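In the two complexes below, subunit A is the common chain; its partner is subunit B in one and subunit C in the other.
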Partner chain A sequence: MPREIALADALVPSILLVYLGCLLVLWVVDTIVGRYGLYRYVWHPSLFRVALFFCLFGAAGLLLYP
Partner chain B sequence: MAAVPQDLRTQRAWPWLAEFLTGERLAWVFVFKCMLAFYITAWLAMVFQLEQPATAMITVSIVMHPHSGMVLAKSFYRAIGTVAGSLCGLLLMAAFPQQRELFLLSLSLWVGLCAGGAVLYRNFMSYGFVLAGYTAAIVALPAINNPNAVFNSAVTRVSEVMLGIIIAGLVSDIVLPERLREVLRRSSREHFGHFIEFARGSLGGHIPRSEMEQAHLRVVRAAVQLEDLRSTVIFEDPEARARSSRLQLLNLRYMAAATSFQSLHHLINRLQRNHHPRTAGALIKLYAPVGEALSPEPGESAMPRMLATRLEASEAKLPALAAKLRDELRQDPELLLEFDSGTTLLRRFVNELRDFTALEATLRETQGRLQGTVERVDFKRANDYATPLIAVVRTFLTMLTLSVFWLATAWPFGPGALILATVFSGLLATSPTPLAATANTWVGYALGMAAAYIVTFWLLPGSDGFTMLILATTPLLLIGPYLTTRNATLPGVGAGYTLGFVYIFALKNPMEYNPERFINDGIASLFGLMMSGVAFMVIPTLIGTRWLRRRQLQQLRRQVTLAATGPMEGLLYRFESANRDLFQQIVSFTQPKSDESKELLAWALAVHDCGRAVIELRQDMLHADLPPPLLEIMQQAVLALAQLYDEPDAARWQQADRAVDHAITLTTQTLPQARASCQPALAHLLQLRTALRDDESALAPYIVKSPEPSHAP
Partner chain C sequence: MKIQTQPLLRFLITAVVVVVALLLGHALWRHYMYSPWTRDGRVRAEVARIAPDVSGLVTRVAVVDNQVVNRGDVLFVIDPERFHIALAQAQANLAAAEASARAAGANIDAVLASAAARRAEYDMRQDQARRRQDLADVVPKEERTDARSAADTARAVWQQAQASGHQATAAREQAEAAVVQAQVAVERAKLDVARTEVRAPVDGYVTNLDVRVGDYAAAGSPRLALIDRHSYYIYGYFEETKLPSIRVGDPVDIRLLSGGVRLRGRITGVARGITDRDNPTGRDLLADVNPTFNWVRLAQRVPVRIDIDEASIPADVVLAAGMTASIDVQQRRVLDRGRDQGKPTP
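Take a look at the complex of A and B:
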């Protein structure tokens, strides 16, 4: 994947798109987990969510910048 | 060791001290979170080498709020607003690169429209609109002399604003979060308890009108507050999001049950006044099993699940009891009719109350996912377009005046004044007392700038590094967030202080020490703030004025027209929610217990009672198998009622009364042939007639007393 993508002739860092994609994934995971009430098993749900996001984003970012 | 008993003794001796300390603790947690957010933002902005870390810090100062759900909700809309605003700024710049007059004209129009949107959507969505206007201004205005740079300027501004939003959201979500979900749960249970208590307490039957009015006020507040909380909490908590549609349904059932309950008691009160105490007594007897179901044995606690099963059991007893009571009234056919109407109403109420408690029980017992799907219902807001329109015109004129002044004088600090006017005319437009709010904010702003002056020119020059920056700015900066927590006594001062400090401090890397710019910029922003205050003097706000209240009352009465003519799909919820939203808006600006508020309450109760009965009647007309001529007569009665509420006068009252009476006569004649289909419709018609002839309701001045009250046989 290139490090910069031209969106309507403006160069955008692809990591921004990865970020938005990860937000989307987090939202989906969040909805599923919230639906089944699994956050009750976690001590600090919002910290857990942020950590999960960092894992996702970090993993996806490493694909881009190996 | 000694600290604990001493602490306890202090608590016992001075209860206010414990209260004070709890309040202080919350305030200082908030201050700590604010400072943390400020410094993380500033540090990251400098690490990322953004042009103006100050913009990110200003964002933090606007977004931070003591409850975390509010921050996330605001951030969400703020992000959307920011993107929309920067796109608009770019478009305007691309469209008029050489035409400063046209450019400023269209920018003023955009900002005005955004201020109107901020007024129209009264909850935190209004922030999105404020920021759409403000981002357009901060993207386009600094680049006005160099249009080629506007794209880069837009990209950096958006990055800075987004950074501020993200950090503020993260900090308030993770560090010592203050959850709105708890508030929602607590207040939802409280309202449930109150309502059950009220329904149980009315076992004796007669409730004085003033108490009914108070109860109505409470129910209205509760419904609107629950909806506000729900729409915020879904941003904070994925679990709440999964249950959101059920919470909405719960609110609907709550409102429906409350309305039926009120109608029932109005009916009993009217019967008692109109010399039908026997019918009223029979209805009260019929109500007894319900009251018993709601009062569990002393040992047991009133859990909703148990209440629901008890209600179901009592519901089964009702038909037999009704038949027995009906037998006692058999001699007088007219009393019988009234009694039947009351029975229908009572059964509707019990049915709704059971649904309500059952849903509440399900929500309390299960965590997380709930089985099955539910009907989707939306809380409808009642909006009036006059206030937003005034806000649009006012902001547009403010911006235009400032632009003309800027162009005419070639004032180098014009953009600063323009930006500040943009922010505050949007933020303050929703306030009921914008002049006082502007004055407070102005004072806070000036104080904040004075503090920033001390920090910038006396403390900072001798310091070096980020730690020293924190040490030098913290003592004076933390006054701002602290004052924000004192919003009840000093509204607006805290926000003004923080914004003034951060704006004029204009943190940069490397820092610029320029007293000339500092003072000029300070004067410009105070001038801009003052201009938005002047605009409120020239075009005063409509919120809270008598004229707007009259208008909203008219709108409230038109709800009956909605009930009479609107499409049936989802009509009940639309009617119930819009009614309450509207009434909440009207009532929040009247003095409690004043004549005006009494009149408003009377109207609200009348509209509620009549509108609901009209909707039920229309449902009967739709589903029951009624003969066509009867349908036509009923339709006429419904329309006559709508006309009466649209513009009440004596002639229309007579017309409506005649139409309803006629419908009752005809329905009674058809009753023997088609009992099953006519009975409920007849009950609702009777309810409408008693509501119409109630001489204590808001319609009383229009009632024409016929010499011989003609009752249907």
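Take a look at the complex of A and C:
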């Protein structure tokens, strides 16, 4: 994955795309978890969501970003 | 039973996810902040500023802007007429000097012959005076004294002729030195004639051609830039936080902003000094320290010189000095790991 991509002629770090993708994945996961009521196994849902996002973003960033 | 374990399970799941999030976030932060790469790389090249060595009118411009030239190719020509005239003058001076050297040589012969004649005359006078001394009974004293004086005079004249001989030798040496001087002047005039053709000192590209037929080109004032074709290199401006993981000799990946072309390179040096921008000298030689925030600090950027592997440049890529490149240094621990596994290098 390149370090930077051109968005409308502005070069932005491609980690921005990773960030947006992680937001999308988080939204999907959040929907699924909410539908099956799995949040009852979680202490603070908001804290869990934030931590989950950091897990996703950190892992994806370390894997995809050179 | 289930009612008792569920709160513990809830807490544990959340705690594990939070801890993992903290670790991953920290790792990503370190990766982003300290891994040795930069977007701030510049392609550079060595540029020769071509100036004529002699002044004169430009009569021919043999290149066009951005042309590729080889070492020794003529770039432009300065009117050689004046320098041909100077050469003819110098050659005439040389001929004159050689003639006067020959004259000095002939003069020496003349002076030596004259000295021999004076010597003979002195010998004669001396013999005469001695004979008169021996005949002291019949020759009057006055005549004897006269003869003695005549001999002394002849001796003085002979010595004078000898001195003239030395003088003539010195004059010949002077004339010979003048010949050498005139030869040097001829060589210089020939050099001037040769230098009316301004030639390319290296293989490269003509850039910023600012010379036209009819211009007056002054010696020493540059008229065009010649970029050395084999001298392209890259300056990567690395943040100082990334310097600890940069080592001379490390291979780097270069990615040009133009077309995303990938090149290979190698670090050849790290600049050992940059200007302290926060402390220019103010008026009265006092320091002019820039006030900064305590908690916002910008990492300075230090130039790192990278040689481009010429074999990795695709044939259709245009490299221009000043282009932007991203630099990615291959990580040190990866290299070290490879080195530990491989054979020790001698």
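Going forward, the second predicted complex is superposed on the first by the 63 of 66 C-alpha atoms of A that agree within 3 Å, B and C clash if a C-alpha of one lies under 4 Å from a C-alpha of the other, contacts with A are read in each partner's own complex, and residues count from 1 in each chain.
Convention: a contact is a pair of C-beta atoms (placed from the backbone, for glycine too) under 8 Å apart; a residue touches a chain by one contact, two chains touch by 3 or more.
Computed from a predicted model, the values in this text were never measured in an experiment.
Undergrad: On the A-aligned overlay, A:F57 touches which partner chain: subunit B = first, subunit C = second, or both, or neither?
TA: A:F57 sits against subunit C, while subunit B stays out of touch.
Undergrad: Quick one: classify A:R35 as touching subunit B (first), subunit C (second), both or neither.
TA: After superposition on chain A, A:R35 lies in contact with subunit B alone.
Undergrad: In the overlay, answer first, second, both or neither for which of subunit B and subunit C A:L47 touches.
TA: Both partners, subunit B and subunit C.
Undergrad: Let me test your reading of the model: by the given contact rule, A:Y19 touches which partner, first (subunit B), second (subunit C), both or neither?
TA: A:Y19 sits against neither subunit B nor subunit C.
Undergrad: Thinking of the overlay built on chain A, is A:A10 touched by subunit B (first), by subunit C (second), by both, or by neither?
TA: In the superposed model, A:A10 contacts subunit B only, not subunit C.
Undergrad: Check the contacts made with subunit A and report whether subunit B or subunit C touches more of its residues.
TA: On the superposition, C touches more of the residues of subunit A.
Undergrad: Would you mind listing the overlap between the subunit B footprint and the subunit C footprint on subunit A?
TA: In subunit A, residues 40, 44, 47, 50 are touched by subunit B and also by subunit C.
Undergrad: Going by the contact rule set out above, which residues of subunit A touch subunit B in the complex?
TA: 10, 30-31, 33-40, 44-47, 50
Undergrad: Help me check something: in the complex, which residues belonging to subunit B touch subunit A?
TA: Per the touch definition, subunit B meets subunit A at residues 68, 151, 170, 173-174, 177, 237-242, 367-369.
Undergrad: Using the touch rule from the top, collect the residues of subunit C that touch subunit A in their complex.
TA: Per the stated touch rule, the residues are 6, 9-11, 13-15, 17-18, 20-25, 27-28, 31-32, 37, 39, 255, 257, 260, 326, 328.
Undergrad: If we count contacts the way the header does, which residues on subunit A are in touch with subunit C in the complex?
TA: 2-4, 11, 15, 40-44, 47-48, 50-55, 57-59, 61-62, 65-66
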